[in-house]
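There are structures below to look over.
After this come two complexes, each holding chain A, first together with chain B and then together with chain C.
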Partner chain A sequence: MSFSEIFLGILEGLDVTLTVTAFGLLFAIPFALVAGVAQQFLTGWKRAPVTAIIEFWRSTPILVLMFMFYYTLPVAGVYLNATTVAAMTLGLHIGAYGSQSVRAALQALDRGQVEAGLAIGLTRWQVLLTIELPQMAVAMLPTFVNQFIQLVKGTALVALITMTDMTARAKELSQLTFDPPAIYGALMLAYFLLLYPATVLGRHLERVVGRRSGRLNGGRAGDV
Partner chain B sequence: MDQTAISINKLNKWYGDFHVLKDIDLQVATGEQVVICGPSGSGKSTLIRCVNRLEAYQDGHIEVMGQEETNLPRLRRQVGMVFQQFNLFPHLTVLRNCTLAMTRALRMDQAEAEETALRMLERVRIREQALKFPTQLSGGQQQRVAIARALCMSPKAMLFDEPTSALDPEMIKEVLDVMADLAQDGMTMICVTHEMGFARQVADRIVFMDAGQVVEVAPPDSFFANPQNLRTRTFLEQIL
Partner chain C sequence: MTFDIDFLQRILATIFKAMPLTLLLAFLSCIGASLVGFALETLRRTGRWQGYLLRFVIDALRSTPILVQIYFLYFVLPYYGVVLPGPVIGVLAMSLYYASYLAEVFKAGIDSVPRGQTEAAMAVGLSPLDVTLRVVAPQMLRNIAAPMGNYFVSILKSTPYLAVIGVAEMMGTTLEIASDTFRYAEPMILLGIVFLVLCSIIAWLVRRLEARLMANTRR
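And now, the complex of A and B:
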C-alpha cells in the first residue's frame, strides 16, 4: 500500500472523528457555561454538588468514563449508542475543564462592571447575561480554541468503544499491511492537518484579545 | 414644599469588627445638592453606596422619596450613581451603554430608548460620539457618558463618588460643568468630591466626614469661612 492509499484509508474515519467532535461540543459548551457560572455564584453547601460534578468529569480518565458508560450502563438496563457515549464523556470531560476557565474569566472581570450594571437597575441575572458573559466570551475565545483541540485529540479514544474513527482506521490498516511508520505517520499527518488551522486561529485570537484588553485597561492617560 | 428626597437615619455599618459608619443622620431635600468631603477612609464611598444598596447596612434606615424600597433594582432606578472609574461597558457602544437598562429593566422599545439616550447624550454634550466604543473616548468624555447613562433611567437623585478623581486635570472642568448644569436643572445630588471650587459654587450644604461619622454640616460660606470643628479645620488646612 502506498502512503497516499494509507492516508485516504485513514480519512475514511474522518466523519466519525468530526461527528464525535461536533456532538462533543454540544455537551461541552453548555456544561462549561452552566457549571462555571453556578460554581461562581453559589455559596456554601449549594456549591458542593456543582463542584463534585465538575470534579467527577474532570478527574476521571476519559477512557474509564467511556468504558463505564458503554459497558456497565447496559447492566442497569440503560443502552446508549457509542456516539452518544463518546460525545458525552469527551464533551463533559472537556467541559469540566472549560467550566474552570469560565469561572476564572468571571473572576477576572472588573468588579466595577457588575456594580455599574446593578446601579442602573439591572437584576443580577441581567448583569450576568448582558455584561459579564459577552465580555467573558471574547476573553475566552483563545481558551475555547485550545479546549476544542483537546476535544479533537480525545476522539482518538473512541476506537476503544467500537467506533471507526481515524485512529481505528489506522489500526485496521495495520492489520492489512505491516508498515507502522507509514500508517502512523499518515495518522499524525491527518490530525495535524485537522488541528493546525485551529492552533493558528487560537494564536491569532490570543493576539487580538490581548491587544483589546491591553487597550481596555487603559493604554491612554485618563482612560483607566 | 421642601420634600425630603433622601433620608438617612441612625445608619450604622460594620465590616466585620470594623465600625465603618457610625450613627449617620442626613436628610437631603428634593432639588438639594450636598457635597461630602473628608479624609481617605472616612466612609464617604461606603455611605453613598449604602443609599443605592451596593453595600448592605446592619442598622438604621435609608428612605428614598419617602420609602424604604426593598426591591433593589427599583430602588436603583430612582437613584443614579456615577463612579470614579466610569465603569462603562467596553463591549457596547456609547448608545448601547445608555439604552441597555432602558430596554432590559424598563422594557422600553429600542427606538424610544435610543431617542431618550440621544437626548441625555446631548445634555452632557457628547451626542456626536454615540456610535463609538468607550475605549475610543477620553476619560472626561467617558465620565460624561456615564452621567448620561445614569440619567436615562430618569432618577430622582444622583450619587457621585469622586467623579473627577481619575481624570487628567484638563478634563476635570468638562465633567464638573455638566454636573453644575444638572444641579442648575434641580437634580437632587449627593456628591463625594475634593473639588472645593465646585462645592463652593454648587453645593447647598457641605458634609464633612471623619472616621465614619458626620462631623460637620454647613452651607459652603460658613463651612469654609468658619468651620466649627477642629477636625474640619485641620482637614481644610491640608487641602486648601
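And now, the complex of A and C:
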C-alpha cells in the first residue's frame, strides 16, 4: 500500500471524527455557559453542587469517564449508542474546562458594565444576556478555539469504544499491511492538517484579544 | 447490578497496587515535560529561524492527539530497531506532548521577568546560560507555579492512555479485572472515584503552593 492509499484509507474515518466533534460541541457549549454562570452567581451551599458537578467532569480522566458511561449506563438500563456516549463525555469534559473560562471572563469584566445596566433599569438577567455575555464572547474566543482543538483531539479516544474514526482506521490498516511509519505518519498528518490551522488561529486570537483587553486569557486547555 | 463488597475490595486492592507505578510515571513525565518544555522555549528565543522552526514543532505537537503520539512512538520506533519498554514510551510521549504546552507557560513566565534583570545579569558578565538558569528561571517559577501545577494534574490524568500500550498502571490493571470478570461498571466507577480524589488532592496542593508563593511576593 502506498502512502497516499493509506492516507485516503485513514480519511474514511474523518466523518466519525467530525460527527463526534459536532455533537460534542452541542454538549460542551451549553454546559460551559450554564455551569460557569451558575458557579459565578450562586452563593453559599447552592454553589456546592455546581462546583461538584464541574469538578467531577474536569478532574476525572476522560478515558475513565468514557469507559465508565459506556459500560455503566446499560447496567442502569440506559442504552445509548457509542456516538452519544462519546459526544456526551467528551463534550461535558471539555465543557467543564470551558466553564472555568466563562467564570474567569465574567469576573474580568468591568463592574461598571453591570452597574450601568442595572442603573438604567434592566433586570439582572437582561444585564447578563445583553451586556455581559456579548462582551465575554470576544474575550473567550481564543479559549473557545483552544478547547475546540482539545475536543477534536479527544475524539481519537472513540476508537477505544468500538467506533471507526481516523485512529481506528489506522489500526485496521495496520492489520492489512505492515508499515507502521507510513500508517502512523499518515495518521499524524491527518490530525495535523485538520488542527494546525486552528492552532495557529488560536495563537493569533490570543495575541489580538490579549492585547486589546490587556490581560492573559483565563483558563487552560483540556488534556486530550 | 448486584452489590458485591468482596468484588469491590478486590478492585480497590488492585487499583492501589498499581498506584505507585502510575504516580511514578506521572512524576517522571512532569520532570521530562518541564525540562523539554523549557529547552524548547529557551531555544525558540535564540534566533529568528530557530524561532520559526521551534514554534512549528510546538504547534505540531499540540495539533495531534496524545493517544496518536503514543501509538506512533510505540509502533514506529521498533520498526527502526529501537525497542523500548511500554512505560518508557509512555513517559517519552507524555513528556513531549506536555512539553509543547509547558513551553507556552514558560514563555509567559520568562516574559513576566522584567528585562532589566536580564540586562543587569549580562552587564555583570554572566554567561547566557547562567542568566537563564540562575536569574530568570528562579524568578519565573513563582509566577507560573499555578499553570505548571495544573498541567502536572493533566499529566496524571493522561496516564490512563498508557493502558492502550499495555502499561500496568491503574487503568490497565482495572481493565484486566473487568475483562476477566465481564463486569465493567464497578471497576470503572471505582477507578473514576480514585482518580477524582487523587487529582483533587494534587489540585488542592497546587492552590496552596500558589497561595504561599503569592504571600511571599507581597512581603
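Everything that follows uses one rule, which is that the second predicted complex is superposed on the first by the 210 of 224 C-alpha atoms of A that agree within 3 Å, B and C clash if a C-alpha of one lies under 4 Å from a C-alpha of the other, contacts with A are read in each partner's own complex, and residues count from 1 in each chain.
In the analysis below, a contact is a pair of C-beta atoms (placed from the backbone, for glycine too) under 8 Å apart; a residue touches a chain by one contact, two chains touch by 3 or more.
In this text the structure is predicted, and so the values were computed from the model without any measurement.
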Touching partner for A:Tyr71 - first (chain B), second (chain C), both, neither: second
Partner chain(s) touched by A:Val200 [first = chain B, second = chain C, both, neither]: second
Chain B versus chain C as contact partner of A:Pro180, first or second or both or neither: second
First, second, both or neither for A:Lys153, with chain B first and chain C second: second
Which of chain B and chain C A:Ile131 touches, first, second, both or neither: first
Per-residue touch tally on chain A - higher for chain B or for chain C: C
Chain B/chain C common contact set on chain A: 216, 220-224
Complex interface listing, chain A residues touching chain B: 110, 112-113, 115-123, 126, 130-131, 134-135, 138, 215-216, 220-224
Residue ranges of chain A in contact with chain C within the complex: 55-56, 59-65, 67-68, 70-72, 75-76, 149, 153-157, 159-160, 167, 170, 174, 180-181, 183-185, 187-188, 191-192, 194-196, 198-200, 203, 216, 220-224
Touching residues (chain side chain C, partner chain A) in the complex: 1, 59-60, 62-69, 71-72, 75-76, 78-80, 101, 108, 147, 150-151, 153-155, 157-161, 163-164, 171, 175, 178, 184-185, 188-189, 191-192, 195-196, 199-200, 203
Touching residues on chain B, where the partner in the complex is chain A: 52, 54, 72-74, 76-77, 80-81, 83, 85-91, 100-101, 104-106, 135, 138-140, 142, 146, 149-150, 152-153, 166-168, 171
